[in-house]
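Below are two complexes that have chain A in common, paired first with chain B and then with chain C.
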Partner chain A sequence: MTEPMINPVNRPGDKNLGKLFNGGKVMKRREWRGFKDTMYDFFRWLKIWGILINVSMGKGFVKALFRYRWLANYLAVPHMIDKNTLGQRGETLRITRTAIDFVVKEMAQIVKDNNRADIRCGNDKKLSNRSVLCDENGMTAFMMGFPTLNSAQREVVTLFSANLINQNCATHYIDVAQQYGIPGDVCPMPETELGISIEDDFAVFGKCAVQINTTCDGSMMGNGLIAKRLEREYHIPTFQLAAPIRFKNDDVQAYAAEDIKKAIAFVEEHTGAKWDWDYYFECAKRVNITTRNRWEWLDVNSTDYPQFVGSVFCLYNDTNYMGNCGKSAVFPTIDAKIMQLVKKGLENKTMLGQQYRHRCLVWGVQSHYLFDLLYWMINCWGVVPLSDMLSMVIDREIAEVDTPENREQAYYDMAYLTENMIMRNHTHGGYEALLDEMWKYCEMLGADMIMLWEHIACKALTGMHGIFEEQARERGIHLVWVQHDLCDPRIANRQSIRDQFNLYMRTVMREEPLDPSLEVIDDNNMW
Partner chain B sequence: MKALLIILLVIVILFVLLFTIYMFNLDMKFMTYVVAPILEKHYDKIDRNQYL
Partner chain C sequence: MRDLKNLQYFEDLLRLSNNRLVVQAKNQGRIFAAYMCENTPEPLLNLGNCFGVRLTAPNTGSTDIATYYMSSFMCEAARALLERSIEGGYNYADCLIAPDGCTMINRCAENIELLGTIKGNERFFVEHHETPLKADDNGVDLLVLQCKNHILTPLHEKYGIDISDTAIRHSVGIHNQVCELITAIGQYRKELLPRITGYEFAVITMATYVCPKDMLIDKLQETLDELATREPDSKPYRARLLVTGSELDDIEFIRIIEECGALVCADRFCFGSTPGREVIELTDDEDALTQVCRHYVYKCQCPRQMNMEKVYGRKENINRLALEYKADGIIYNQIKFCDPWAYERAMGTAMLRDDFGFPVLSLERPYNSHSSLGQIRTRIQAFIESIEIKKIQEEHNND
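Here is the complex of A and B:
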């Protein structure tokens, strides 16, 4: 962008958002957004408490709360939403809240089912017997033909979503894993999962489990040991679904489809359920709706007036593709609501902040404990995060009509979904997937800046640091490296991450912050 | 009429109360400074069957 775009609308409410932070564990008070938007947010807040109270009334909740350390993180769900709506007004606020409130509702259901089925808490054997434990880092595509089964994502609620709520939720389990000799320089995500398993802090239920080698070797290391406990102590048989690493090559696709067939056969054998093609194609239709909508939102984001952006855009896509994979009939209606708001925002030329200075593509795996950084970039520096790597996930539609040919194609489609799981489809598959596609999206979205999350323990991007910089220079694109450690804020804390961005904006771009109160925030002690 | 007024009054009081909790972030302050420390102490006391 050469000239900044100034928002002609006077945005009501708080202007200096940094004053909401005072070094405590939560914000001093909630943001005043003007009467209309504050009232909207207030009633949404009530709705969230309604969801949380509903979970607490579920079978096994009290026992679970006094048994599982990770469950206490969910006390701060409203705080997580506050972080992810900071500075938002009008359609932007409504889009974000519609998406994140639904994500919370989905997570709440998973927590409720977890507590209910867990042998230590609700001990609902019926639910447990129709549950298949699904790996956190995998698409649940192989479950798209089982309408009666529960794709139980116990790792998602134990770690992934908990870390979005509480930055310190993983540290206890990382320490447990390291006490048992796991090195400190592996990805903290699988290390935390392993720590939870070592401490026996996962809910225990399910007829069988399917683990997936996505995203990385750290995940494979953790999965082996988690499977050992599942199988030997709890007698839950575990299948290893191994998606090919060079998944862009044609010669691996037959193998990948065959592996999906074996996973389905494994689930059938252990649960007694039968694959239902009608249900599969119903789900496939919904996956395609998701894909079409997401591409339409990205089209809007490539205009001068992006609407659905930031961490909630990513989180919504994660939930819709990975956890849901077409199985929920409710998602298309939420998609439709969001689409309506996006179109209205585009029509009204709604801006997300007071000024746009740069259009930015966010690349690399994002930090969970500072997931809300993308909204901070808008509020503090006028940098609009048009999309992120994890949201650029599925780029073609899958077969959705039930024919004999499509039944065979379906295995390839499920393999395609699995191979393109959100955290791996650009970090695996060679430099074309990581580097070339980044430039393709950069051009498509009209970005003049790239923010590259560099996950210290992952090292996936580190090897190509120089190539990224060389190619950015050739193209005249500003490239900002921001280092983080995914789930462990002790390695790179929130302000040290923001400082890297601040430093680039001040020294390279020679710019001043739009909201100076946000440049340094005392939030390192926060949830 | 009187019943209606009472209902209206209850709604207004409830709204003021809830809005105060919302605006001053009292829900999160209560969870953070009262509930969470109790739970954390409790979690530290539980015997865990740790092994690799």
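Here is the complex of A and C:
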């Protein structure tokens, strides 16, 4: 971007957002966004509390609260959402709220089911018997034909979402895994999952479990120990679903599809449920709706007035594809609401901040404990995160009409979804998926800058460090490395992450911040 | 013991990646297929005029340039191979066959490809192949297809290599000859006063990975014959140890263990004798390629095979080997920054200790053991002492 784009609209409310941070667990006060937006935001904030209260009324909640150290993290959900609405007004605020509130609702239901079915808490055998434990790091596509079964994502609520809420939630479990003998250089996400399992802090329920080799070597390897506990202590049989690594090649698809068939047969065998093709194609239609909507949002983001961006865009896609995979009938209605707001924002030429200086593609593996950094980039430096690697999920629609040919194609489509698990579809599959596609999206979105999250323990990403730099130099694109350790803030804390961006903007770009109060903020102690 | 006649010869072959046999084979106009992982079926690289050599980077010192390209968190073997390739150490290779086995070796191969660091001939090519994630027939089908598309067809199209069933059977025949010799040599480690040391065995076995196999058979046979009459040392070893774990092409690691007074009586690692030097059984009622692939899928002991039969089976296999070779303890080694073996080592250590009752030393090591000699030696010495103390306590309790 050569000339900055100045927002002609006066943005009411707080201008110096840094003053909201005073070193406490939460922000000093709510952000003032003008009367209308503040009231809207406050009302939605109250609604979140309503969802949380509903969870706390669920069966087994009290027992779970005393049994599991991670459950208390969910008290900080409203604060997590506040971080992700920093500086937002008008349509932008409403898009974020619509998306994230629904994500929270979905997560709340998972937590509720978790507590209810857990043999140590709610002990609801009926729910447990129709639950299949699904791997956190995998698409749940193989469950798209089981309308009566619960795709139980106990790992998601124990680690993934908990870590978005409380930056320190994983550290204890990382220590547990390292005491067991896992080195400190592996990705802390599967390491945390393993630590949780070693400490026996996962809810225990389900008729069977399906693990997947996605995301990475670490994730695949952690599964072995988790499965051992499930099988030998809790007598929950496990199946390991294989998603080929070089999934861009045609000659691995039959292998992947065959394993999907085996996973389905395994679930049928252990739950007694039967695969329902009608339901599958219903789900497939919804997956396609999601895909079409996402493309349209990306089209909007390639204009001068991007609307649905940042970490919430990513979280929404994450929830919609990974956990949902078309199984929820509610997502399309939420998609439609967001679409309406996006179109309105585009029509009104709504800007996300006071000024746009750079159009930025966010690539790499995002930091969990600083997921909200993308909004900070807009407010502090006027850098607009047009899209991120995690939101670039699939690029074709799947078969959605029930025909004999499509029933066979469906196994390939489920394999395609599984292979293209969020994040993994770029960190694996050869350098083409990581490098070439980055440049393709960079061009498509008209980005002049790339913010590259370098998760230091992600070997798939760091293994291409030098090539990234060389290719960026050749293309004349600004490449900003931002290193972190995914879910361990002890390795790189929030300010040290921001400092890397600050340093680049000041020294290489020779720019001054739009909101200097945000350059250094005291949020190290925050949830 | 009296030195083995050919030990120096075998040791020399390990000092350089373009050792004298590789140079000799190249001078004869043979095609050199470089590969990087135990999951690539070796006999398919030894067809006709072609010979396969697994890449190593002996005597690695600094890996500064590779660290820039791949970061300091990357497996040291992957970095060492990239560094060596940047230095021009593999320029004599005619192709590179790389599996997408573990992420780091894959990234190493991709860096080599993108940076064009192997300046081979104009027909030089890089192929990446998928390897099955589970030991099942679906995996066999996958590997067959991958071998056809990413090994056999390119070799045939680029270099005119004979990839017929007959050629594969011939190659397996030579492979099996080497395997039988290595197995027979390795059997001597079972003796209470063995007539071959773990270091000697590791050197000989390693040589079979980094040289054209057919050119080694005479020396291997000669060594086996020599062993039949070799007088073992009368002094017993302090402990008999099984070494298992990740990629290990640094024979110095075995030497360090034995310098501490132990005997490495059995091995289970990449570049080792199991399963890499186990005979591939072929029958006439099925094509050779499928049978070779089935062998590699089902015999594989790499942690990237994730089905639970394999996860448990790998530990049971080590228990079986430890009992067969009368090991007093197990060293579970992991090359630094290797993700698959980080988890496998931790789990294997716990299971072999708790479920099978073996003393286990769980050890992270650098690619080049000499860069951390003191620390490794101290840990091994302490481990051997702990085994000795345990033995003394057991004797005391029996009295």
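Heads up, the rule we're going with is that the second predicted complex is superposed on the first by the 527 of 527 C-alpha atoms of A that agree within 3 Å, B and C clash if a C-alpha of one lies under 4 Å from a C-alpha of the other, contacts with A are read in each partner's own complex, and residues count from 1 in each chain.
Heads up, the rule we're going with is that a residue touches a chain if its C-beta (ideal position, glycine included) is under 8 Å from a C-beta of that chain, and two chains touch if they have at least 3 such contacts.
Computed from a prediction, not measured in an experiment: that's the story for all the values here.
Undergrad: Of the partners chain B and chain C, which touch A:Pro78 in the superposed model: first, second, both, neither?
TA: So A:Pro78 only meets chain B here.
Undergrad: Mind working out whether A:Asp278 is in touch with chain B, chain C, both or neither, as first, second, both or neither?
TA: neither
Undergrad: Counting only touches as set out at the top, which of chain B and chain C does A:Ile467 meet: first, second, both, neither?
TA: After superposing on A, A:Ile467 lies in contact with chain C but is clear of chain B.
Undergrad: Who wins on chain A residues touched, chain B or chain C?
TA: Partner with more touched residues of chain A: C.
Undergrad: After the superposition on A, what does A:Gly430 contact: first (chain B), second (chain C), both or neither?
TA: A:Gly430 contacts chain C only, not chain B.
Undergrad: Mind working out whether A:Gln240 is in touch with chain B, chain C, both or neither, as first, second, both or neither?
TA: second
Undergrad: For A:Glu199, using the defined touch cut-off, is the partner it touches chain B, chain C, both, or neither? Pick first, second, both or neither.
TA: A:Glu199 contacts chain B only, not chain C.
Undergrad: In the superposed arrangement, which partner chain does A:Asn213 touch: chain B (first), chain C (second), both, or neither?
TA: After superposing on A, A:Asn213 lies in contact with chain C but is clear of chain B.
Undergrad: Given the touch rule stated above, what does A:Asp395 touch, chain B (first), chain C (second), both, or neither?
TA: A:Asp395 sits against neither chain B nor chain C.
Undergrad: In the superposed arrangement, does A:Glu347 touch chain B (first), chain C (second), both or neither?
TA: Once the two structures are laid over each other on A, A:Glu347 reaches no partner at all.
Undergrad: Find the residues of chain A that appear in the contact set with chain B and again in the contact set with chain C.
TA: 180-181, 225.
Undergrad: Touching chain A in the complex: which residues of chain B?
TA: Per the stated touch rule, the residues are 18-19, 22-25, 27-29, 31-33, 35-36, 39-40, 42-43, 46, 48-52.
Undergrad: Residues of chain C touching chain A in their complex?
TA: 68-71, 73-75, 78, 100, 102-104, 106-108, 110-111, 114-115, 128-130, 132-134, 138-139, 141-142, 145-146, 149, 303-304, 306-308, 311-312, 334, 336-337, 339-340, 342-347, 349-350, 362, 364
Undergrad: Touching residues of chain A toward chain C in the complex: what are they?
TA: 180-183, 185-187, 194, 211, 213, 216-218, 220-225, 227-228, 231, 238, 240, 242, 244-246, 249, 251-252, 254-255, 258-259, 262, 428, 430-431, 456-457, 459-460, 462-467
Undergrad: Once bound in the complex, which stretches of chain A touch chain B?
TA: Counting only chain A, the residues touching chain B are 24-30, 32, 38, 42, 45-46, 49, 65-67, 69, 72, 75-76, 78-79, 82, 176, 180-181, 198-201, 225, 527.
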